[in-house]
Structures are given as C-alpha cells and as structure tokens.
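Encoded as structure tokens, the structure appears first; notes follow it.
The first chain written gets the first letter, and so on, giving A, B, C, D and E; residue counts start at 1 in each chain.
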Amino acid sequence: ETVKVGIAAEPYPPFTSPDASGNWQGWEIEFTKAICAEAKLDCVITPVAWDGIIPALTAKKIDMIIGSMSITEERLKTIDFSDKYYNTPTGVIGTKGVDIKPTPEGLAGKALGVQVATVHQAYATKHFAPAGAEVKEYQTQDEANQDLAAGRLDAVQADAIALDAFLQSDQGKECCDYKGDVAPDLAVLGPGVGVGLRKGETELKDKINAAIKAIRANGTYDAFSKKYFDFDIYGG
Amino acid sequence: MTDAAQAIEVTDLYKRFGPLEVLKGVSLTARQGDVIAIIGGSGSGKSTLLRCINMLELPSAGRVSVHGEEIRMKSDGHGGLMPADRKQVQRIRTQLGMVFQSFNLWQHMTILENVIEAPVHVLGKAKAEAVETGEALLRRVGLYEKRDAYPAFLSGGQQQRAAIARALAIQPLVMLFDEPTSALDPELVGEVLSVIGDLAREKRTMILVTHEMKFARDVANHIVFLHNGVIEEQGRPDAIFGAPKSERLKKFISSIH
Amino acid sequence: MTDETTHALAFTPEDLPKGKGFFQPHRIVLMLIFASLVLTLAVFMRWDWLPRYLPKLGSGILVSLAMLFSTAIIGFLLAVPLGLAQVTGPWFLKAPARIFCTVIRGTPLLLQLWLLYYGLGSLFPQFPAIRHSFLWPYLREAWPYGVAALTISFAAYEGEVMRGAFAGVPAGELEAARAYGMGRWTAFRRIWLPRAVHRALPTLNGETVLQLKSTPLVATITVIDVYAVISKVRQETYLTYEPLLLLAAIYMCLTGILVVAFRYFENRIPTRGA
Amino acid sequence: MAADTFINWSLLSLSAPGWGGVLLQGFLHSIQIAIGGYALGLLLGIGGAFGKLYGGPVLRDLLECYTTIVRAVPELVLILLLYYAGTDLLNQLLGAVGFGSIDISGLVAGIFVIGVVQGAYSTEVLRGAIKAVPAGQIEAARAYGMSPVKVLRRITLPAMLPYAIPGLANLWLIATKDTALLAVVGFSELTLVTRQAAGATKAYFLFFCAAGALYLALTLVSNVFIGMIERHARRGFAEQR
Amino acid sequence: MTDAAQAIEVTDLYKRFGPLEVLKGVSLTARQGDVIAIIGGSGSGKSTLLRCINMLELPSAGRVSVHGEEIRMKSDGHGGLMPADRKQVQRIRTQLGMVFQSFNLWQHMTILENVIEAPVHVLGKAKAEAVETGEALLRRVGLYEKRDAYPAFLSGGQQQRAAIARALAIQPLVMLFDEPTSALDPELVGEVLSVIGDLAREKRTMILVTHEMKFARDVANHIVFLHNGVIEEQGRPDAIFGAPKSERLKKFISSIH
C-alpha cells in the first residue's frame, strides 16, 4: 500500500532540505527511506507547509509526519507518536568571550533566545526564567540566531545540531561559541523526536516502531547517520 | 377610466420624505399633444411630481398611467409603494424623455456619447445612425463644436442644451422638462420654444416645470399651479394669467415683474 | 420670502439601526444559527487547554490592539500628506510620495520588517554613539521596529487610498472654499479632508482590518501578539482548529467593533443614493 | 538576512543548482493565483456592493455578515477549514451515502479562498465608490429606461471607477502577496519557494530581496496599467488645483 | 490709475482654455455701489469673466484690481499667469462674495454649516454670532426650516438660496453673482432683487451675470453685453435695452419675448 509521508515544506537542514530541482535530502529523508524499506511500505514523500501539516494528517491527506516533532504529553492528546527515532542534546551558545554558563545562575539577568513552542522554550521557562533570565520567543531558530549575532541576545538555547550548524556558518564563527549542554530534565525535554501518526492507527504505528528497532539493530541507522553527524544522534 | 389618448394620468399622488409631506394628493391629466406647464414656488414639489411620473421617486400613494397603461405598484412594506413589475417601468420609461433640473449629464462621456447613449444602448439603434441624429440634434442646439467635450468643461447653458439634446434623441412620446431654460439666454429660450412647438405639432406630449411665466404662457396649452404639494389652480394660460382665482395664485402672478 | 415647506429635517435613509428596530425576524434567526454553531463548537471540540493560556491571550490581545491602533493612527496621519502630495504637490514632493507608496506597496511587509529589524537594527549597535544614547534601550527592543514597519506599510496603502479620495472631491466645492478666501490650510482642513475621508471610509475600514491581520508578522521579531500566542498553542498541543477558531472569534469581535465605528462615521453625513 | 552576509549571486542562476528558475516559476504561479482570486473577488465585490446598496434588509444583513466575518477570519483559517476540514467532512458525508471520496484540488481551494476574501474587501471598496457617484447620474440612466444591468455596465461602473481604483489597486497588490496561503495546500508559489531557497542555502537576505524585487517589478508593471485605466476613468473630471 | 472708489477694475483680460480663446481683451470698471449686469449668449464667457475676477480661473493675460489694489501676477512658465502672492489673493477674496452658477454647496455640511463656515473659519467670527446672523439670513431667504438639512436633499431653488445666503454671510464689499435667480420662481426673484437693492444702498458693489433681462434692467445701473469673448456694448440699462447700437445686441434684445 502507499503511505504518504508528510514533511515540512520549509527546509530544516540537515534533516530535510530541498535542492533547486525539488529533490529533498537530509538525514530524515534517509531515515524515511530506511524505515519504509524495512516495513515494506510504498512511501511517497509529500512536503506540506508546517501550518497545514497536522490538519493534513487528520484529514488523511498524509498518513504520517516525519518532521523532527518532539514527543510531549500535551501533543499526545491530539496525535499519536511512534517511539523516538532521535534525540539530540540541548545546548546553549552565546557571544564569544562573554562568560555564560548553561545554568540558572549563569543565565541570570541575561537575554536568552528560544524558538517558540519547543521543548527548549519549556525548559528555559521552567529553569532559567525563575532565576532571572529574560526568555525571548522566536518563531524560527534562524531569527534567534540572527538576534544573537546582532547583539540583542546574550545567549540562545536550542537543539545542539541546529546550534552547531549556525556556529559553522561565517556569521556564527565570528560572533559566538558553544557554552555547553543544559542539565537533563526528562519531564520537560521529553523522550525525543517521534513519527507523528493519526490516533488509533496502531497497525501502522507498530510497523514503524518495529522498523525503527530493526534499522537500529541492523546498522542501517548508524550507517546513514554517520554521513551527517559525528556523534550518536539517537541519544541516550 | 384611462384611454390611449391620455398620455399621462396622475391620480391622487402622495409623496413623503420621512416626516415631510411634499405632494398631498395631486391629480393631473395630459392628453396626447398637450403641453402642460407646472408653475409654483420653490420647494412646492414640482420636481418631485415630475420625478414621480417616471418613478425616479416612488410615490407614497397614488397612481400613474402612461398612455393608458397603469404602472403597477405594490406595497414596499414600510408604508410606501414600489413598482410591482420592474420591466414594465423600464419599458414605460423608454417612452419618457427627461431633462433634469441639474442636467445630470454623464460625466464620463463626451456630449455626443451622452446623446447617443440611450438610442444605442436602450433602443438598440445602430451606432452610425444614432451618431447622425445625435449630431443633427447637437447642431440644432448649437453644440456641434462641443460634441467631443466632456460635460465638466462646458458652460451652464451648454450643459443644459446637451441635456435637452440627450432627451430629444430618444424621440420620446412624452417629454418631462424640469426647468429646461433656467441657464439659457433669451435667444436660446426662443430656440427651445420652437423645439417644443415642433414636438407638440408631432403630437408629442410635454410636461414642463418652469419659472419663466412668459415662457409658460407662450408654450403651454394648460397651466398647473402647484402650491404646498397640492394643485391650487389649473387651466388655460389666459385664464391662469389673466384671471387667477385663488389668492395664492394672484399673489404669485402679481410678483411677475 | 416664504418657504413652501414648513417642517422636517433632511431625511436620512441609512440611519443606524437603533433599539427595537434592530431585532427583526431574520436577524433573530441569524443570531440563533450563530449561537447554536458556537454551542456545537464549544461542546464537541477540545477546550481544556484554554484556561492555561488565558493570561497570555489577554496580553496578546492588548499587544495586538496597541499595535493596530498606534500604527493605524500614525500611518493615517502620514497617509494624508502622502495622498495630498500626489494630487497637488509640486514635483519634488509628488515624486518621492509616489515612489514611497509604490515601493512599500510593492514589496512584502515581512521583507520590510526584516530589513528594519535585522538589517538596520543590527547596524545600530555598531555605533557606540547610538549604543550609549538614551534611545538604545528602545532600539534594543523589537516593538519599535514592528511599529515602524507596520506604520510605513499602512501609510503607503492609505496614501494611495487618500490620493484617490482627494482627487474625487468635486472641484467646484474646493473652488467655493477658495472663493471665500480660505487659505490652503483652512480649505484643506474644513472642506477637502473631511470630504475625502468621508468618501474613503468604507475602503479605510477594510484597510484597517487588513492591518489588524498584518500585525501577526511582528511575531517574527519576538513581539508576542495574540496570533503568536495562538501559534504557540498550536505548536504545543498540535491542535489545529480550536485555537484558530478562537483566534477567528477574537478577530471577529475586533473587526465588528471597527465596522460599527466606521459605519457610524459614514452615516453621520447622509448621502443621497440612487 | 544580515547585511554583511556575503552575497553569492550564483545562487540565483536560472538552472538547477541555482534557485533563480524556481523563484521565477513560483512567481508565475503566484501571478496566476492572484489573477484568478482577484477576478473572482471583483465579481463577488460587484455583486456584494450592489446587494448592500440596493438589496432588501435580509440580503443586506447577510452581506454584512459576509464582509465582516470573511474579512475578520484569517485566510489561513479559511483555507484550513475549506481544504482540510471541508473535504474531510464532505468525504465522510459521501461515504455515508455510499459514494467514493473526492479530492478538491488545493489550487482551486486556494483561489476560491483568496477570491472570497478579496470579494469581501472589494465589496466595501466598491460600495464606497458607488456611493460617491452623484445620484443624478444613475437616475438619468434609469429615466431613459435602462435595465439595472445596463445601468450598472454603462453608467455606474465607469462612473465609480475613479473612486474605486486606488482601493482596488491596493487589493490587487495584496492578492499577489496573499498567494502565500497556497503553501498550506502544498502549492509552490513565490513565498514558499523563497523560504525553501533561503532555508536550504541560508542566504536569507539574498532570496528575500530577490522575491521583493520580483514583487516590486510586478507592482511597477501593474502601476503602468492601473495608471492607464485611471487616466481613462478620470477623463471627464475637472482637475483640482 | 486706479483709485479706491473703483471697487473692481478689469483691464484687458484674456483667457484661453487650450486652443479655445474665451475672453479676448475684456476691460471693465465697477465703482463702489455699482450694480453691473453682464448679459450675453450662452458660452460667451460670462462665468469665465466672473471667475477670473477672483482668480478661480487664472487669466492668460490682463490685470484685475480690487479696491485699487492690483492683484500681482507672475508668469506661470507656460505662457499663462499665476498669482505672485497667494496671501494677497486670499485676502482680497475675503472681500468678494461669490454665488456659483452650479451653487457648489459643501455636501458634507448642513445648510447652516455651509453658511457659517466662512464667517467662522475665514473671518474668525465667534460661532454663536455667526449662527445668529446665519439663521437670520436663512430666514430671509426662506430656508430657516431647512437649516439642518444637507444640500443633496434640497430642491434646486432651495440650493440656490442657500448659496446666496452663504455668500451674503461674509458681508463682502463686492458680490459676484453668477445667475443667482436661475432656479427661482418670480416671487423669489423679487426677493433677491430687494436683497440686491439693500446691498447697493449699503454701497456694496455687485457684478452679476443673468439671463433675465427684466431682472437686469431692474437691478443694474450698468449693463455689459458680452459676445464671443469681447464686450460688444455697455452702458446704462435704458440705453442698452432702449437703443442698442450693435447689430448683435439688437438681435439679442429682440429675442426677449
């Protein structure tokens, strides 16, 4: 049977990103291909603008979402998730040469940027804001990074991969450096990223979970992950 | 009750604007070929009466017939009337030419375009033919040179003449003139007079509102004196001007200097 | 001089519905339909998240309102000279006004916002003079850029509307103003402007609603308006329709208020329709 | 995004590694959608304006609801409701009576939504413009026996045009940018491809400016046409000084 | 050359609209207290002349003085003239009242607001005072009941009376009337006549365009016959109407019926 896999039409490198001829590539694309092959599903990758991706799922225009969606309690009330397929550490970057530590005391009185409605925002609100950090919400990660470079922010908290990508860029190299990972808090940061599914479709969910397990076990997962990351993306 | 020889019959017409009662039971009959002049003070309801005849103002009560055909009305649900059959009104209006007190030329059309508009787009005449008659009419009112000018760039009298030409162009059976000579000099008034005379000879009917009593006397075979929304007196010109009966009319006539 | 008529003021055909005149049968039916729709939605959809976000929604609405009114008012004040300059200005005012309106209307608001905030805004800190001036605390914030971008955009669109409105005022009425010795400013203030604005009110109303719907763009520069709160709800709960319907309801209330206000001013001067 | 980003012009080249061709394609799509939506909006607007001015009380109130609600509700909500919830509901209904499911094209849904929204705005623009036409002009047309449609076509529309053009021009420019909506139904118009290009290459500043330039070019071309129409529409007007 | 007793002096005035030469060297002097009637065919340039006097139309050439003060002009760079000093024009205009042929009432104001507008916002009178005189004027022209109505809802004659009241409200030294009685019935014409008489007794100057020769003869002490953009003949009313010299005027007069 054909399964339509929804991905965000807005690029999110290195996970999903189109080239000028409309071909999508990136870690999540390879992951998709791997589990589809493993579960013997005939997958069609369907980019949908982020704003419409959940309604597209519920209206059966797509059958699952592979879009770096973190699993949270709140979201589980609305859609279903597979088991996690990756989980990256959460880190903090800041202006070069400024002494910032990714701890409540270290960020007290600092302006900290986070992307809105992410686990990072939840974390910063829970741990850093009470200690006196000014938490600013951005619609996208890039905007937060820009403001850090422009000097309006002292630090940015996000997923380590996104931060690393920024630090590799010319702009990032010039302005900022990595200040370290934040202390773990499973309750807030959640188990990681899962495949989004319609509620009640247990058959598909079981297939996906089995496929994730299988590619983890047979080394496919590590094989394509190596091309993108020099650390264990699956997380602890 | 009505017969074809009666070009216009207005029966017991009332018109209210909100609380203001402008016409209070006006009845009027025009036989074919009649030239009726309506005179009266400013604000007495002359224009309103004329506009009610072709349903530009909807009467509050009363009946209007054109050539024996009564315009069917129904209640509009707010104590007024509205046409029961819009098509009928439209058809009847094509037989009525109107010259407005404020001319109401179409500003986005040249004078010639104004004149040929109704013949071409209402009566369905061929354009070339309409242009030909239109130009002849414009020549007659002395506006041939201005045929390609837009109304906003004409003098008052020129606009009025254009409005007259526009109404004549549809060769209506009945003409409603609202002060057709107000902006014209005596020479042109004479010219309009002769136009009206020609029309009357063709058995066309005319109802005209005017403030120029000389003009009314010369042109009309019947005079209606409207006062405060009622017809105070009507009759032949010599009777009206020579031997007015009502006090009000006497006073009105006496002020002609 | 006796006037033939004795009483009565001008009859205004389009008076606002008042009192019991408002409750006509079809309106009651409409309201019932609407009420039952709201009830259905309230019962059959998920609203458990609502209490948690209420304070944020409240402040978001306030931010949206502040953004809307400040930018619309300042923008309109700019639009008037922009429109006027295009109608009667000398070329050295006309040309820049035209170019301004064209360029701003011709490019996406988002781009302007980013150019201001990330472009211009990131240049400022490089000048110590600015960094140490009293303005810096404001320039560091995001909202001044949001206000600036939205104001400029509103001014450009309304400048165009006002241009048309000014040009549409009958020349004769302006002549009358001049003939009585009114100076340019008086004639403008007393005749030209009120006449033009009255004529443009329906369009201005629409443009103000559009402005209301443009305010969400400020969320991209960290100003949390009501739309940003709703987006946050959507992201955190992955609900789609409930938060958006709530947003629609909020916007509908604001729009309703705008429509009533504008219609009130429109109907203050009766026009004779045909 | 930032002014000091090094500009790599080759990213704009028309063929594959460059995104220029994709941008242009998206731009064309945007124009197509805008034209479709705008045209539909104009038709609805003319109908709406006339309904509001000449309709009965029920029609007037319904139109008032239409303009208020449709203008107030964000386009995103409308398209989501129509395209996703609407088709879902429709298919459930069809399923219940035993028909197969159907699929509304996202493009059609998008144009429809843009048109309906534009219609609400242009209703008000046109209503204002028609009110600005001196009543006598329309009365004169009626007095000569023109049918309502003919009055509309020959007199009201041309006479109100000078008053309506600026508002309608604004709506047109907004329509060209509102096409971003179509991204939600998976249609690649200019805004979406700009985002994709910018996101994939990180050259935000470059691509957003390129899109801005395309929009500006469209505006300039539109302005020429609008100017021509306006000069024609104002031909009978005395100049103010 | 000019002295204060000369209320208006027009010297060698030319006015072109594009290729159309409307005024071809018109000179005219009005002393204080004069009532000058300008008569002539439609399109002969009467309104244009009046509008040139208060610079609503900018003359192509020629000079205009008001109470001995010449309106300073400069070239507009396109072969025409424009005022050199806008403030001067503005100041002079406050001494000139004008009644337009097409009334030009401000549509967004009620009649009373129209009337008090210039007194309050140009002359700086107190509002209460302006309302008082305004209402008195409206009573005089029989429009007191309509003071809160908007112009669009008035009859033609009512609008014209409102326009007259508006011009009178600024108590101008010089009045320019462009066919002030065109929409009025004979009774009201008589009333306007008496208003003009009152003004003349107060030594105010009036220049009026009219098509009603009777009215011109009654009201004016000097008649100017404009034809084709030049003054064909001028003189005292009895001379003009009693013994016209030029052929053109003879023809014009003869058409008065």
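Here, contacts are C-beta pairs under 8 Å (C-beta built on N, C-alpha and C of every residue); 3 or more make two chains touch, one makes a residue touch a chain.
Quick caveat, the model's predicted, so the values are computed rather than measured.
Trainee: Can you list every chain that touches chain B and also touches chain C?
Mentor: D, E
Trainee: Would you mind checking the shortest number of contact hops between chain A and chain B?
Mentor: So the least number of steps between the two chains is 2.
Trainee: With chain centres defined as mean CA positions, report which chain is farthest from chain B.
Mentor: Checked the centroid distances; the maximum from chain B is A.
Trainee: Using mean CA coordinates as chain centres, what's the chain A-chain C distance in Å?
Mentor: Result: the chain centres lie 38 Å from each other.
Trainee: On a C-alpha centroid basis, what's the spacing between chain C and chain D, in Å?
Mentor: 19
Trainee: Suppose each chain is reduced to the average of its Cα coordinates; what separation in Å results between chain C and chain E?
Mentor: Computed value for the inter-centroid distance: 44 Å.
Trainee: At least two partner chains per residue is the criterion; list those residues in chain A.
Mentor: In chain A, residues 55, 58, 146, 149-150 touch at least two other chains, as defined above.
Trainee: Could you tell me which residues belong to chain E and also touch two or more other chains?
Mentor: Residues 102, 142, 152-153, 158, 161, 187-188 of chain E each touch two or more of the other chains.
Trainee: Multi-chain contacts only, two chains or more: what residues does chain C have there?
Mentor: Residues 2-3, 5, 7-9, 11, 118, 122, 171-172, 240-241, 271-272 of chain C touch two or more partner chains.
Trainee: Residues of chain A touching chain C in their complex?
Mentor: So the residues of chain A in touch with chain C come to 54-55, 58, 72, 74-75, 77-79, 113, 116-118, 136-140, 143, 146-147, 149-152, 196.
Trainee: Would you tell me which residues of chain E are touching chain B in their complex?
Mentor: Touch residues, chain E against chain B: 17, 39-43, 47-48, 101-102, 142, 153-158, 161, 179, 182-190, 193, 211-215, 218, 251-252, 255-257.
Trainee: Flag every residue of chain D that touches chain B in the complex, lowest number first.
Mentor: Against chain B, chain D makes touches at 134, 136-137, 139-148, 150, 154-155, 158-159, 161, 233, 235-238.
Trainee: Spell out the residues on chain C that touch chain A in their complex, using ranges where they run on.
Mentor: Chain C residues touching chain A: 46, 49, 118, 121-122, 125, 140, 142, 219-222, 224, 228, 231-232, 234-241.
Trainee: State the interface residues of chain A toward chain D in the complex, per the touch definition above.
Mentor: 9-13, 17-22, 46-49, 51-52, 55-56, 58-61, 142, 146, 149-150, 169-171
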